[in-house]
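One structure is given below, encoded as structure tokens.
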């Protein structure tokens, strides 16, 4: 079941290490699931034809730093359950961008999360303008996958 | 440095296990720090003179389930840094309540977080009204410590 | 590269959450990787034709409890590196059994681990004899895959 | 209850995040508890009068890398249980040393662990001889505390 407006997804199974004494996945692990989803999102973005040279240059110039993370927990996830993390970039600002996630177990909505990433210049340690190529790349990727 | 409106705090040191390859505390661990702070908040609440019998009855009737968690990351925390997690209950609703946290490393603000806990009746698995004694207890505790 | 005597393997990618400030995967996470491998090993064992009824009966009668875990760390693993966890049951005793693991990143040996699991009867909380069917199942599985 | 041959200990409380769906502390977290104990051991070693300059020089020249970790799990630990991690250096070799740990919950033995740390020269990335001052420091510390 693809949520409206989402086109990219990653699957993973809840690990036993991620459960807690209430018998369900411990809440903070959902933020790790979102990180796994971001990694796969960027892998797909690169595979979709990003300019490798520009991408590596950007990686040398900026760190991506998490400025915000939030999650609404809608239902519990359990050990060994197969989870689908639907992921999209919903906003690209001048130096930051926003990811949205819907975490599903089959048809069941488990969580809805959001993270904001900021590009920090490695030399000045201050927010830095994202290159236009990056925005265009994400725009194109989001359109392509929808 | 006590933040305005906060009176209760917990201290902990960032563990090496909690750092990541950017050399700082991995963001999701801040939610675990908040959980440690909640545990200590409830311990202090009980120590401040909660009716033990009523408290245990409540524990038998309800599970506290996390419905929401969010954090704004203001600066990085590092290995072995001593962190103070200021904690308060900012809202007690009919079946849920909201915790607010300010995480400081010395004078430096590291993060500002919020969680919403819902009381779920163990028999029906549905949100259940919090006992008045619980609200009064928290009200009294927050006033006492301020 | 399949290590001698191993026939079953699981793949996973090192997550950023699993790295530490030395820039490598934090050592304790290797034990979690072994747990993921055990889960997949048992999934394969069941898929290979275990008697579902007997299996579920066993699950109702016993808990599997970890009695020992050790790991020799041979080289570092890094963020996003694809790891192969080779896994085998090297010994089935009367109430316990031993798993061995070799963790590889491509051709590079990253770690060699061992865990001992004990079957604990749910009613008495004491070690209980593993059913013969279980030993035979594992024997057959290890032979089949080799 | 001080175990024979151990003189230094660290206390911590099991966090809810560290429990699993069996209702007990997830085994891999014991290795994190040992890391917390090592940090406190070194803090005490420095406080006991290590030559700060030599110590900092050593820190610049070597990385301490974990080569081995093992744990025998003797009983379960539970949420909010106060654990004492008794810690000693049981062997100082030419380029490595061994830590031993006994983890207790009150009088109950929870786990017995061992880790081996190797000094790796930062320039060559190869094992390097530990300075004599380091061995003497640890010898003196272990004797003093016993």
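Residue numbering begins at 1 within each chain, and the chains themselves are lettered A, B, C and D in the order written.
Just so we're on the same page, a residue touches a chain if its C-beta (ideal position, glycine included) is under 8 Å from a C-beta of that chain, and two chains touch if they have at least 3 such contacts.
None of these values were measured; they are calculated from a predicted model.
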{"item": "Touching chain A and also chain B, the following chains", "value": "C, D"}
{"item": "Homomeric contact chain B-chain C: same or different residue positions, threshold half", "value": "same"}
{"item": "Centroid-based (C-alpha) most distant chain relative to chain D", "value": "A"}
{"item": "Chain pair, C-D or A-C, that carries the greater number of C-beta contacts", "value": "C-D"}
{"item": "Whole-Å gap between the CA centroids of chain B and chain C", "value": "36"}
{"item": "Euclidean distance of C-alpha centroids - chain A vs chain C, Å", "value": "30"}
{"item": "Residues of chain A whose C-beta touches two or more other chains", "value": "16-17, 28, 32, 35"}
{"item": "In the complex, chain A residues that touch chain B", "value": "22, 27-29, 31-32, 35, 63, 65-73"}
{"item": "For the chain D and chain A complex, residues of the former touching the latter", "value": "16-17, 19-21, 23-24, 26, 28, 78-79"}
{"item": "Chain B residues within the chain D interface of the complex", "value": "13, 15-17, 32, 35-36, 39, 80"}
